[in-house]
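The following pair of complexes shares a single chain, chain A, combined with chain B in the former and chain C in the latter.
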Partner chain A sequence: MKTLLKPSDIADKSDRLCHVAPGELTPLPYPYEDFNQTVLTPLKPEKIGNIEASLDDTVAIGIPKPANQEEEEALVRQFLSGLKKLFEKENNWTFLQPLLLSMEHCAKCHTCSDACPVFEMSGRKEIYRPIFRSEVLRRVYRKYLKPGGKITAKLTGDIDLNWKTIARLAELSYRCTLCRRCAMVCPIGVDNGLINHEIRKLFSQEMGIAPKEIHDKGSVQHLKVGSSTGMNPMAAKDSAEFIQEEMEEITGYKVDIPWDVEGADILLIHNAGEMLAWPENVGAFAIIFQAAGISWTMSSEAAGYDAVNYGLWYDDVQFARVAVKHADIARRLKVKKIVIGECGHAHKALTVIADRLLTDDLNIPRESAMVTLENIVMNGKLKFDPLKNNFPVTLHDPCNVVRAMGIVEPQRRILRKIAPRFREMTPHGVENYCCGGGSGFAIMSGYNFAEWRNLVSSRKKFLQILNAFEDEPQAVPKYVCAPCSNCKGAIRDIINYYHAEERSHLYYGGLVELIVNAFEGMKKPIISFGEKPSWE
Partner chain B sequence: MPQIELAGKIYEVDEDGFLQELDKWNEEFAQAYAKTEDIEGPLTEEHWKIINYLRDYFKQFGIAPMVRKVCKDNGVDMKKLYELFPTGPAKGGCKLAGLSKPTGCV
Partner chain C sequence: MGYYILTYFCIAVFAATIGRLIYRHLTLPLHVRWEIYPVMHEMAERNVYGGSYMEKSDWWRSPYEPSRLNEFKYMVPEILLIRGLWKENKRLWMASFPFHLGLYLMMATVVLLLCHAFFILWAGTAFAADGIIRMIMNGLIPAAGWLGLTAGIAGGLFMLYKRLADRELRNYSTFADYFNLLFILLFFVFALLTVLSGDPSLNGARHYVLGLLTAGAFDPVYAPGQTIPGAFTIVLASLLIAYIPLTHMSHMFMKYFLYHSVKWDDIPNKRGSSIESAVIMNLKFKPTWKAKHIGADGQKSWRDIASSAPREMK
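And then the complex of A and B:
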């Protein structure tokens, strides 16, 4: 295996392009040194016999191997047809301009490489450089789509386009979490995250290639059943009813979750995963809104109770279908605005990216829960006893909320008011590092992909969390506040994988739980550390 | 699609071993599968109670219930649930009950 791979090596005939050996990943500190020689469990030959697995030590999509030469050639033609569409106004009006700018202007200074947590933590493997996959696409585009490209390729960088190149590029587009830290540091504004997004889009829209968790079980199920969790409207209502009971039992506070209230000020849309995996988050929102006397509602219409929009990560068509549905539900409910719960990608999807889709009466005001909550916490109506949150807290910045949208301070002003032992990670805010679960990774777990996430893409976040609590004794329970479902999923998996609850007393949760936990006059705490209540 | 052979029959499963043909579930399937989920010996009445509960909920709502709901509706605590299904109620329990793997951001 070559150590210094070039983009043209992606067409290489070898069985595996890149392998991480024991000890190559960035070392972890005490008490996690026993993980420093850990590498991915090898993929079982019988499980990958019929799928494309020649990129690295893991598989995200599992593309079936073509049966013969003709099939391979047909796929190559299909790829080129999709690539052509990416550069046509009528087929890619949404992202054509930024794509062209990023394709034309990279100076290959590699500033982005140092900003990329996957590249850094992997032991600086060439294929994970933000520009590696961009350069593959750039070379194919120049050679096969530009006039005279085959001649100039000899000078500007050649590449061989065969099925291997394409299958590897598809997999490689799922080794980047679309955190866009690379785009932020680029001195000339090239967006390698965007290029990666466009690669995924080409594969999904033109070739029907996407991880099943985000397509079949994700956006398709969302549109068909009402939620990517598989919850139909009846199941959502049943879950919410249970959450109401739970809240009263846990906190002593009786709460009602309102459904389908026409003309309410706020339509709150949660990531429906919260209802199943983090019910206290949904419950805490309800408690806060009720206590603050807010006029609000949830929607029991299919898709109206699930804010996710996985299309954001890989497919503009699926994206548009879901975004329009969300806005239309709000329009028919005649609410004044939509508030998006603690879900990062839903924030960016419905507020920023959908902005060009939602015109006229679909252009309902849309607000981040961070902002809504800040107004509630700061307006003085609710009383808090911050000492109830007398444990160390750090804040994880979801990339989509913070770097992509610039919502940095509202959640911090809340924490400074209600969490006296709040401390920042280094770096934080728009310079934060991804949880490692971005762009669908938190929910992708086929083959050994979850292991790759825990070992490689989440590694930087784990180091940051440990660092933020470095001055705290081991026995003290520590709270990682992550106001995003995907991030919470990734952080939960980090904690489990590295046994960090046992070893460092690490716990995690959202922002609303901390707010409710500090309510004055509450009978019982909503936050517990294992079996132990956070206050008595 | 991967397959698994249990008690002399072949079943289609996903790569994590979750049954893909939900209508093919039967009690022998659950019993034969128990060993791979670290359950020794025959399934007890307590196991069946949870398995049947999971299947009923799935039939009604199309998803597996929240773990806390499983505990509450069956009068068991989390510890007991893990004793019954050492690989976890979401994984082991649902697998034996023939439910598909949880999806979405959970």
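And then the complex of A and C:
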């Protein structure tokens, strides 16, 4: 039996701390057994020569290697200075109390381990255990920042702090999807997801270290250009125009997307990724709102048409900047409320987290689209023919919508009304498993990271989806309803990676598409499976 | 008198540590919301599946009305029966439950001993030798004591065994973890030896508490710690009282904050509310984060920085 890695091994001098060998990942069932020996494509030496890649088989950030010992030492000092700030109210009032409580009360009972899909699917690799990184941080904090730490470390757990420790810890903070399933089951209430979040913050806010997809191309581009997709306001309006035309062509329904309507009841903000990757989602929202006679608008101001807030995953300051922008746009448009489209992290960011950031007239009421849609579907004004959705449907619960916000039933009540063959995954609701794309993973694909996501962090979701449709014949098209752009991205990728469209007839999409598909009197379906429309 | 002084001192350390911990948490700045559903004070129909008030359209028009009763209904079995662990980790519960039960019954025994002393010292007439209250006390004190000691030893040994035998648990266990367990076990063992060696009704403990409350004046003939196990029990119990809040075992009390101030803190920020005032205060803090994009200089407040652009854009 191999010896288990310990938190102190993170300082180890080896070139790679953890490696997943063929056959170690949790096995997949028929017809996916051919993937059971698949492991990550090895990182090319020439690509990783100058970056830190000594944690495992992948790289999320790609931190440049320090040039010399002095630089290493300077980085260690920077790290310690950032760590200290995590425990200061001036710097971290946002999460100080939750962090202190989680740092001080873990009983190391490992109840959280079995709740973590990354740890479980990886074949129980120690570095992915929820408390592994928390223990590393605790030990460093106690030893290097607490009085007498060097002595107490011998009793409460020792660790060496060198550049390897730090570089690996930075990478390791991007092997957890922040799904907080571990926190939900911890009998004491300790939150390893939160500790991981704070580690990411330390690296970003003090050392400027974060994956480029979520910082440079993400939150910075969002604030600079208007959207993390790179779409400026003009391009956003163009793509909406294209969506209107597409909708008319696909469904026969003529729709108008209203822009910048002052005094509208609702400001609808989508994840702008929808406009590019899933325009039918944006179109379907417009059809529903128009058909229901809702007073609504979209904003063409920079950041106003993109609900994402990547800061939620790694940086409180970037988070605050985007949240304030969103609220300010709504304030100036004088809308009655903001409705957040099908984007899980945007739900939590603007509704829950920003709640204790926005004051006075920036504190505009904010509502989940699940709730707005339920109101529309249930109030009887619109007529539905559920048989138009007569195919097997299962629902993926975005962690940020269910576990982090408690929006669980509205989407289900809608599905029970319009999708006669809806079935749940096991487990579901607040106990759901993450899609594997949470906390930025869905948009991170440098080096071989997307492969790691498909093989490890999304594996549990893939198994859950297969289980939900276990009783259906292979040839029947099946629909995974994922009311979140990032989750949709991750599910799209697993379907592609495992050839699940060919092998299991798996398709995916949002909730609004199902609603529009079931509209009575709609000439053509919005959902099609491959070439075939869903009604056939 | 030395024993009494030690116990007074340890109780003072306990009170000061707990007081400090609680004070610190009560005076920390209000943090952002980070609740996890299910939030147990939600109304019954949403509580069952973990829903929140945000499931209601225009929820901000309704008053925020958490159900303390639902919270209580969850908390009581959680504290007494360690229900969360039963649900998520039954194998560990088998050890953890008797261990915690032992500790709870020890606390109950102390409370009973205090009541007993109170009756004797200040309500003598209600505590006549053949009175009902005395009979009940005489039954409850040894029952809680014996049961607690037995459960505590069984649970403690089982916990120790698990920590040593399970390679995953062992891998994260440090000297302090074993020390904590052994410390508590040692107290249980000496206390059991004391009652086994001729004091099944816990008379020694009754006298000791009476002595503590009267600084030894109640019965000048009684001298604590006459037997070796008795002396060890007093010393270990006293030290344990001082020690527990200094370790992660303070979760016994701090769980209140873990749950109420974080996991279940879903209080919305309404305009003009005390939450809003606290947020306004927080936004005045001046961060010193060093990364370039933050643009902090120790002079600008969170409010200034949140309404500015990152450095990369300028």
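Throughout what follows, the second predicted complex is superposed on the first by the 532 of 536 C-alpha atoms of A that agree within 3 Å, B and C clash if a C-alpha of one lies under 4 Å from a C-alpha of the other, contacts with A are read in each partner's own complex, and residues count from 1 in each chain.
Throughout what follows, a residue touches a chain if its C-beta (ideal position, glycine included) is under 8 Å from a C-beta of that chain, and two chains touch if they have at least 3 such contacts.
From a predicted model like this one, the values you see are computed outputs, not experimental measurements.
Trainee: Once chain A from each complex is brought into register, does chain C clash with chain B or fit beside it?
Mentor: fit
Trainee: So if I put the vertex at the Cα centre of chain A, how wide is the angle out to the Cα centres of chain B and chain C? Nearest 10 degrees is fine.
Mentor: Here the answer is 160 degrees.
Trainee: With both structures fitted on chain A, tell me whether chain B or chain C touches more of chain A's residues.
Mentor: More residues of chain A are touched by C.
Trainee: Quick one: classify A:S485 as touching chain B (first), chain C (second), both or neither.
Mentor: The first partner, chain B, only.
Trainee: Touch test for A:A518: chain B only (first), chain C only (second), both, or neither?
Mentor: Touch partners of A:A518: none, neither chain B nor chain C.
Trainee: Counting only touches as set out at the top, which of chain B and chain C does A:A107 meet: first, second, both, neither?
Mentor: second
Trainee: Have a look at where A:K217 lands relative to chain B and chain C in the superposition and call it first, second, both or neither.
Mentor: The answer is first: A:K217 touches chain B but not chain C.
Trainee: Which of the two partners, first being chain B and second being chain C, lies in contact with A:M298: first, second, both, or neither?
Mentor: Touch partners of A:M298: none, neither chain B nor chain C.
Trainee: Pick one for A:I407: touches chain B only (first), chain C only (second), both, or neither.
Mentor: In the superposition, A:I407 touches chain C alone.
Trainee: Tell me the contact category for A:V190 with respect to chain B and chain C: first, second, both or neither.
Mentor: So A:V190 only meets chain C here.
Trainee: Of the partners chain B and chain C, which touch A:G230 in the superposed model: first, second, both, neither?
Mentor: First partner only, chain B.
Trainee: Chain B to chain C: minimum CA distance in the overlay, Å?
Mentor: Minimum over all C-alpha pairs: 17 Å.
Trainee: In the superposed view, which residues of chain A touch chain B and also chain C?
Mentor: On chain A, no residue contacts both chain B in one structure and chain C in the other.
Trainee: Note which residues of chain A are touching chain B in the complex, please.
Mentor: On the chain A side, the touching residues are 47, 62, 213, 217-218, 221, 225, 227-232, 234-235, 238-239, 242, 246, 271-277, 279, 306, 308, 343, 442-443, 445-447, 485-486, 489.
Trainee: Within their complex, state which residues of chain B touch chain A.
Mentor: Listed in rising order, the residues of chain B that touch chain A are 2, 14-16, 60-63, 66, 68-69, 72, 100, 102-106.
Trainee: Show me the residue ranges of chain A that touch chain C in the complex, using the header's touch definition.
Mentor: Residues of chain A touching chain C: 1, 4, 6-7, 78, 81-82, 85, 89-91, 93-98, 100-102, 104-111, 113-115, 126, 131, 135, 154-157, 180, 183-191, 194, 204-208, 215-216, 219-220, 223-224, 317-318, 320-321, 323-324, 337, 351-360, 363, 365, 367-368, 370-372, 374-375, 402-410, 429-430.
Trainee: Within the complex, which stretch of chain C touches chain A?
Mentor: The contact residues of chain C facing chain A are 25, 28-39, 42, 46, 49-60, 82, 84-85, 87-89, 92, 96, 167-169, 171-177, 179, 248, 250-251, 254-255, 257-259, 261-263, 266, 268-271, 275-276, 278-280, 282-283, 285-294, 296, 302, 305-310, 312-313.
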